[in-house]
Amino acid sequence: MAAEVKSLNEECGVFGVWGDPHAAVLTHLGLHTLQHRGQEGAGIVGLTDHGLHRHNGFGLVSEVFADPESLRQLAGTAALGHVRYATAGGRILENIQPLLFRFSNESIALAHNGNLTNALSLRAKLEADGAIFQSTSDTEVLMHLIRRSHAAGFQAQLCEALNQVHGGFAFALLTEHALYAASDPNGFRPLVVGQLPSGGYVICSETAGLNAVGADFIQDVQPGQLVVVDELGLHVSQYTTDTQLAVCSMEYVYFARPDSEIHGVSVHQARVRMGERLAKEQPAAGDIVVGVPNSSLSAALGYARASGIPYEMGLIKSQYVARTFIQPTQALRERSVRMKLSPVRPVVAGKRVILVDDSLVRGTTAIQLVQLLKDAGAKAVHLRIASPPLRFPCFYGIDIQTTHELMAANHSIAEMRDLLGADSLGFLSTQGLEDSVGLQTTAPNGGLCVAYFTGEYPTALDDYEQTLEAELAKLQINIPEVSA
Amino acid sequence: MAAEVKSLNEECGVFGVWGDPHAAVLTHLGLHTLQHRGQEGAGIVGLTDHGLHRHNGFGLVSEVFADPESLRQLAGTAALGHVRYATAGGRILENIQPLLFRFSNESIALAHNGNLTNALSLRAKLEADGAIFQSTSDTEVLMHLIRRSHAAGFQAQLCEALNQVHGGFAFALLTEHALYAASDPNGFRPLVVGQLPSGGYVICSETAGLNAVGADFIQDVQPGQLVVVDELGLHVSQYTTDTQLAVCSMEYVYFARPDSEIHGVSVHQARVRMGERLAKEQPAAGDIVVGVPNSSLSAALGYARASGIPYEMGLIKSQYVARTFIQPTQALRERSVRMKLSPVRPVVAGKRVILVDDSLVRGTTAIQLVQLLKDAGAKAVHLRIASPPLRFPCFYGIDIQTTHELMAANHSIAEMRDLLGADSLGFLSTQGLEDSVGLQTTAPNGGLCVAYFTGEYPTALDDYEQTLEAELAKLQINIPEVSA
Amino acid sequence: MAAEVKSLNEECGVFGVWGDPHAAVLTHLGLHTLQHRGQEGAGIVGLTDHGLHRHNGFGLVSEVFADPESLRQLAGTAALGHVRYATAGGRILENIQPLLFRFSNESIALAHNGNLTNALSLRAKLEADGAIFQSTSDTEVLMHLIRRSHAAGFQAQLCEALNQVHGGFAFALLTEHALYAASDPNGFRPLVVGQLPSGGYVICSETAGLNAVGADFIQDVQPGQLVVVDELGLHVSQYTTDTQLAVCSMEYVYFARPDSEIHGVSVHQARVRMGERLAKEQPAAGDIVVGVPNSSLSAALGYARASGIPYEMGLIKSQYVARTFIQPTQALRERSVRMKLSPVRPVVAGKRVILVDDSLVRGTTAIQLVQLLKDAGAKAVHLRIASPPLRFPCFYGIDIQTTHELMAANHSIAEMRDLLGADSLGFLSTQGLEDSVGLQTTAPNGGLCVAYFTGEYPTALDDYEQTLEAELAKLQINIPEVSA
Amino acid sequence: MAAEVKSLNEECGVFGVWGDPHAAVLTHLGLHTLQHRGQEGAGIVGLTDHGLHRHNGFGLVSEVFADPESLRQLAGTAALGHVRYATAGGRILENIQPLLFRFSNESIALAHNGNLTNALSLRAKLEADGAIFQSTSDTEVLMHLIRRSHAAGFQAQLCEALNQVHGGFAFALLTEHALYAASDPNGFRPLVVGQLPSGGYVICSETAGLNAVGADFIQDVQPGQLVVVDELGLHVSQYTTDTQLAVCSMEYVYFARPDSEIHGVSVHQARVRMGERLAKEQPAAGDIVVGVPNSSLSAALGYARASGIPYEMGLIKSQYVARTFIQPTQALRERSVRMKLSPVRPVVAGKRVILVDDSLVRGTTAIQLVQLLKDAGAKAVHLRIASPPLRFPCFYGIDIQTTHELMAANHSIAEMRDLLGADSLGFLSTQGLEDSVGLQTTAPNGGLCVAYFTGEYPTALDDYEQTLEAELAKLQINIPEVSA
């Protein structure tokens, strides 16, 4: 929930409703709840009396839907919404989802969370065969595969298409006849189904979204599953049975809301356990435990409990997101960043602070936090990270596709400690992470994807094989450290 | 810091800089830090090469200054900014401060936090004498008094004017020659002075504002004090010596940021002590202690420590403020409110929850929170309020001018408990509050204003005497309970 | 130039530049000059150092490009712009041209003026074969045909595609390598080529656009011609030789600017000749000749000259386009319309006015003008229309696809005169129109398309055959009048 | 009506309605009609059930009232509106009229067209006495004088105030009880009264405004007159009888709409007579007469009639106002200007053109027009100006307060001819102007103010005496030419 201070981004959130007279309004509420999953843009497609209509734009849900009329015109009995995360490039309106495809005889909306590993080669092949893409996102590939399928009926065409795309994906589609949701064969990205008091159904990235609209949880969309909701109700089937659970572990560590549950595990409680395990693996001689608000408070609470050292509120997070213009001096630029987090001086002054953060990406925020606590009088700052060192790129939906900016991919623990100015530095082990989540499964790595920690990817990487090789070549001196 | 879920509002924040080349940029950062004190509108007046220029508007600082050009045009060596709280009426641009008065030979900017008790009668008298007001706010009265003073020089005229206005006020004025700040004779509203690394000075509602721009704390503006900053430096004098400290206790309870200090007392630590005292005064048989995020987390931590009952994160606050349109059904309206706070189900399910809130105004939020926790499976909810029952209006700057919406002014503790659906209800005592803050003073009530709890006002009420009498008449049956 | 008071609309204007360092700025100026051809939306695609970039939106050019930054980001050596006319339906951003197609290895921009008669059947066929369209406009068909062509090289693919589409069209395409322009085999819609002082080339709907940017006229794009501009210069070829000139006569009558020349004929002078001929064909006993500003002033001048009756300014057109909200009463609605044209009372009072208008579509404006002149004291109003009665739909780019709102398709001259309240009514003959334009050609109808007057269409109507039959069936009683 | 191509600006237009249920809507229509009198900003104050409410902003009426809600909230039985002309400085919202003064017990709206010659000294005196002004415009002085008057009743106070201000003014005021209008003792600025079919009254700068809303003309507001409309009807009185008619002659020459009448004289017909007289005073050997659209077409028609030389449309004015960004090169800057007016080449090529313009201010437009016609092939351009040379500043409401930019104040006729590149140059004489207008009056100069032509001012100049002396000192070498 602190996406704006991390250089780590999740790819999007989806929220769909079928069979409720307030579908668009509920979707609007749902997208607010999923706002932490993407702030670049948002959109909703509503199934109205006149077919599918869309409203979308750049910015937060509250900005895109600032005019109530924008929502009213989407009113009907079904809707599909999406929030998109901020990327450096590709900032064109055509990429703001849901994508809406208008055919002569029907319209189809498509929303996606994840990353397809074979999108580039599929797109090249499709274009060579005359296909015209309207966006630059990988999502659109699915629709072209559907339209070129010769299978009988939309659902069969969709299944054929789903079997052609690889990687991490949670797709949702809305037609005038049904709402569809599908998860990739590893279930990298979370996706759940719920039911409204009205009898209508909700499909959504996190259970917190269900709670927000008063829907009861029904099930997680399982690896390889296709969920269809239409006038006859809910239909669940497998478009493939060649599956193996590998949930993105960063969802538990950082992305997901603490009030969500993924595959039956409470995110908040998993984080408390990560903090408890971290206290055992990486004890520290401190007077108080301080978490980085808000995403690391659960882990800090766990660390405090397991260590017996008092939990304290040593850092305050501003609830108003400051618009930080380009500042004229370096000092002002730093001020501008520090405004988001500020120390409670009397709490930290003279204390040895154990600072708990959920993860360490570039280290830029951590450097500032350590300095800020010391400026406020902390006698020592022991930094503890409630997840393993991030050393490898992700190709399933997290925005870490190169490693040169990953601190742990380029430095030893001792180097990082010195660069960060901390008195000591400790990370949670991969085994510790897997145990803390504790999924009930026999899948490897406790049912988690931990590729960015270990370099072991659960699927073939298709178009990214060469990218990975190039990254690994650059990293070769650091590789041994991973096992150290 | 949870202004949007309370029906209790503070009247504004002020931030001024003198003698720094980045005055407007620093003021912009400062206003972000004070955003919790007012969200209706914001404005900055900059002292530029071409005199005083203003930019202001409705909305958050980030909205008003969405265009970087709006800030660039204010660049110079001094600036004065203001954030204004949301009121039902009087929503006209002319009321968005700082007010800027353009005279033939000079311009003066004026910003204010507080409420004048004799503004209406002063305005009527001034208008009868030909004065034309441009706003409907009480603030403007001060400028007319200054301009009609026959004292020699601006500072003498200002002092004469300050001695004519009554009530709670923290004024800041910017001319082309100096920056002025003054506090009322009781020091109801906080106001501090700091110094920048550049040697320039800052005047600001809270010390958190000083920290945000890297300024060192110099002093609180004391009751009856006038602070002037000009090219010769800082000048402090008393415009009156008939003073007695009576800091608004709600600043410690709820309004101020936890990382601020008022008259030497850390707001966070005062709240922790309120929680500790509350645990002793109002114990409860609970399994976990849960604070209402974010403003009540300090008190909850104190309650947990003193009681030995585990502190838990049972409620999550959304960091994205949802734009809540008028919803078509009651159920959706409630959803819309509940989105701001959501329960962590596995934490509260089956538990007896001690819910700690900082204050109780109308009770509308508390009713929903109790219900929400019970819906999430809580076995019992014991509500503990870390301040005394609010029973009387405030005329010094808090927006409680009538009592018919104050729950504690109209119901006994037992009635409230039942209305709220809580299993038990307890408030902190006034003495407990005074002890928890612990100001070093011999002034009555420990140097605090506690009038809204006790009905004993530290000053004459001028134009509001009749208002109060009318309110008290309505409340007569409840009055005995106050002393109970 | 009076598009806003007619219920007759032209389909768009195009303006492209190749080989000038200020391509985007010149295109912006050019689109302003073509604004009369479409007011619904506008867009420019610029060829920048980072490839093709687009900015587009709803509204006038001045509204779409209100932010100078919107133009700066398009800076480069080539650009393609478009203004789009207002339609009732299809108001989605995806339809605002130039369309921009982003392929893996290149981008292509496409702009169009006209209407394709076989677009629907081509689209249906393409979709059945897996094509996905991003807009609902007929323009996009061309790009799909290009991409599915197996010809060698882009130009050959484009020619193949141009030979598959039928109807009236002026296409312009911009790639990173060249600017293309093509006219349909009948040259229904105007399109010209010019050269800038810099040596760069301009492609544009009207010669007035060339003048606006200081370009010299080179040639009209002839029927069936393809014009290519690239780094080697200008290349002209025929993609088909099966051509016959049939310029849309309404361009001369009403659409085009008076300072433009089409196929060598000055629009203003053609209109003066239409007025002169009208005076001979339809004389009237009047005291003054008054034209409807601004589009009919040329014809009025001609009528005055040929008749010897004084030309007068009896009607004033407001230069500020009023935003006419929905007015609460019928009287106010009429006021709102009348504000655009107002009488000069002392000029018309007591006079027999010969009112010259360029064309008569629904008659709604004419009814009001006649009434308005009589209210201002005119003794008689003799209405003279400088073109023949509009009785048939157009399928080549003018927005008259049904006839039930065409006054002349449903009433005799005498009926119309009575409905309009005029003292007499006269139209120019089709022969008179052809002679007045006076194109140097042996093509039928003097090289003009006069189908909306005569019902004789110069091409097969493809998908519109049935539409026309249905219209004709409704019109059968009136048909005899056409030949009368 | 061509304000955007002249460097000459009128100060504003006013429009008020009393006693009609659609007062705000009618005022909105009326302001559109007066838009030519000011484009910087617009505002309307409506008398609603909740008192006076205002909506105002920068830009055209259509921009300020882009949101229909802005007008709906002003609905009631009376309204007062204003359009303001564009000035270089003073661009603050506080100056956009009507000014709205909110007193404890009432509100008053004030709108003004003109310029007060003693505003500065009155303001200085008022401020010395404690007055605070909210705007930087001279208009506000009147309200302070009213409020400080000790006369009995509002109307008496208003009369007292009107007798204290000097210069050129047309004031309109709206209270909850009446609508007031007053003209200065010379009647410099036009102001008329009309009556609506509903029985309500309209006060407005020009009769074209009455026509636009269907109101019948009642009377011009005469010099020194005060017109009051209240529930009892229309009341007309003189606040002073020391009057002498001196209507601003530039209203007839250029500012007013051709369809307006001022003191009984049709503006269009006066212009036709100016053209006729000009043809006699300044004949030219030309083939065609071309007027600069749109404001000079009437004079051109007159010139053509009197000379017998054909009237032609040689210049076209774009009806769409181009937003002209700062252009990167001088050539583009000129293009940008020329887009507003373009030649009809076949009309002017090879011809000796008599170009008729209504007035000559800086000469910048005329230089471009002469060049543009020659570029289009004109064999000669004889420039004829239908008013005398502008040589002196105006202090009564036209924006010519310095003379260094007035071409005729700094150059002889021969010099101007050469600078403009014209083959000959001729102006109308002052006597010719007075005769052409032909007001029925015995007042000097035929009841016109011709001070900017002759330097003879009809009133004392108060605060501007020194300004004039300084200007005259600079002009001394040119003064002899005036009489030449």
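When the chains are written out, they are named A, B, C and D in that same order, and each has its own residue count from 1.
Convention: a residue touches a chain if its C-beta (ideal position, glycine included) is under 8 Å from a C-beta of that chain, and two chains touch if they have at least 3 such contacts.
What you see is a predicted model; the values in this text were computed from it and never measured.
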Intersection of contact partners for subunit A and subunit B: none
Inter-centroid spacing, subunit C versus subunit B (mean Cα positions, whole Å): 62
Length of the line joining the C-alpha centres of subunit B and subunit D, rounded to whole Å: 51
CA centroid of subunit C to CA centroid of subunit D, Å: 37
Two or more partner chains touched - positions in subunit C: none
Chain contact graph, described as a line, ring, star, complete graph or other shape: ring
Chain-chain contacts as defined at top: A-B, A-C, B-D, C-D
Subunit B-facing residues of subunit A, complex: 1-2, 22, 25-26, 28-29, 32-33, 35-36, 60-62, 65-66, 68, 71, 197, 208, 211-214, 257-259, 261, 266, 268-269, 294, 297-298, 301, 305, 310-313, 316, 318-323, 325-329, 331-332, 335-336, 338-339, 342-347
Partner subunit B, residues of subunit D touching it in the complex: 93-94, 101-104, 120, 123-124, 127, 130-136, 143-144, 147-148
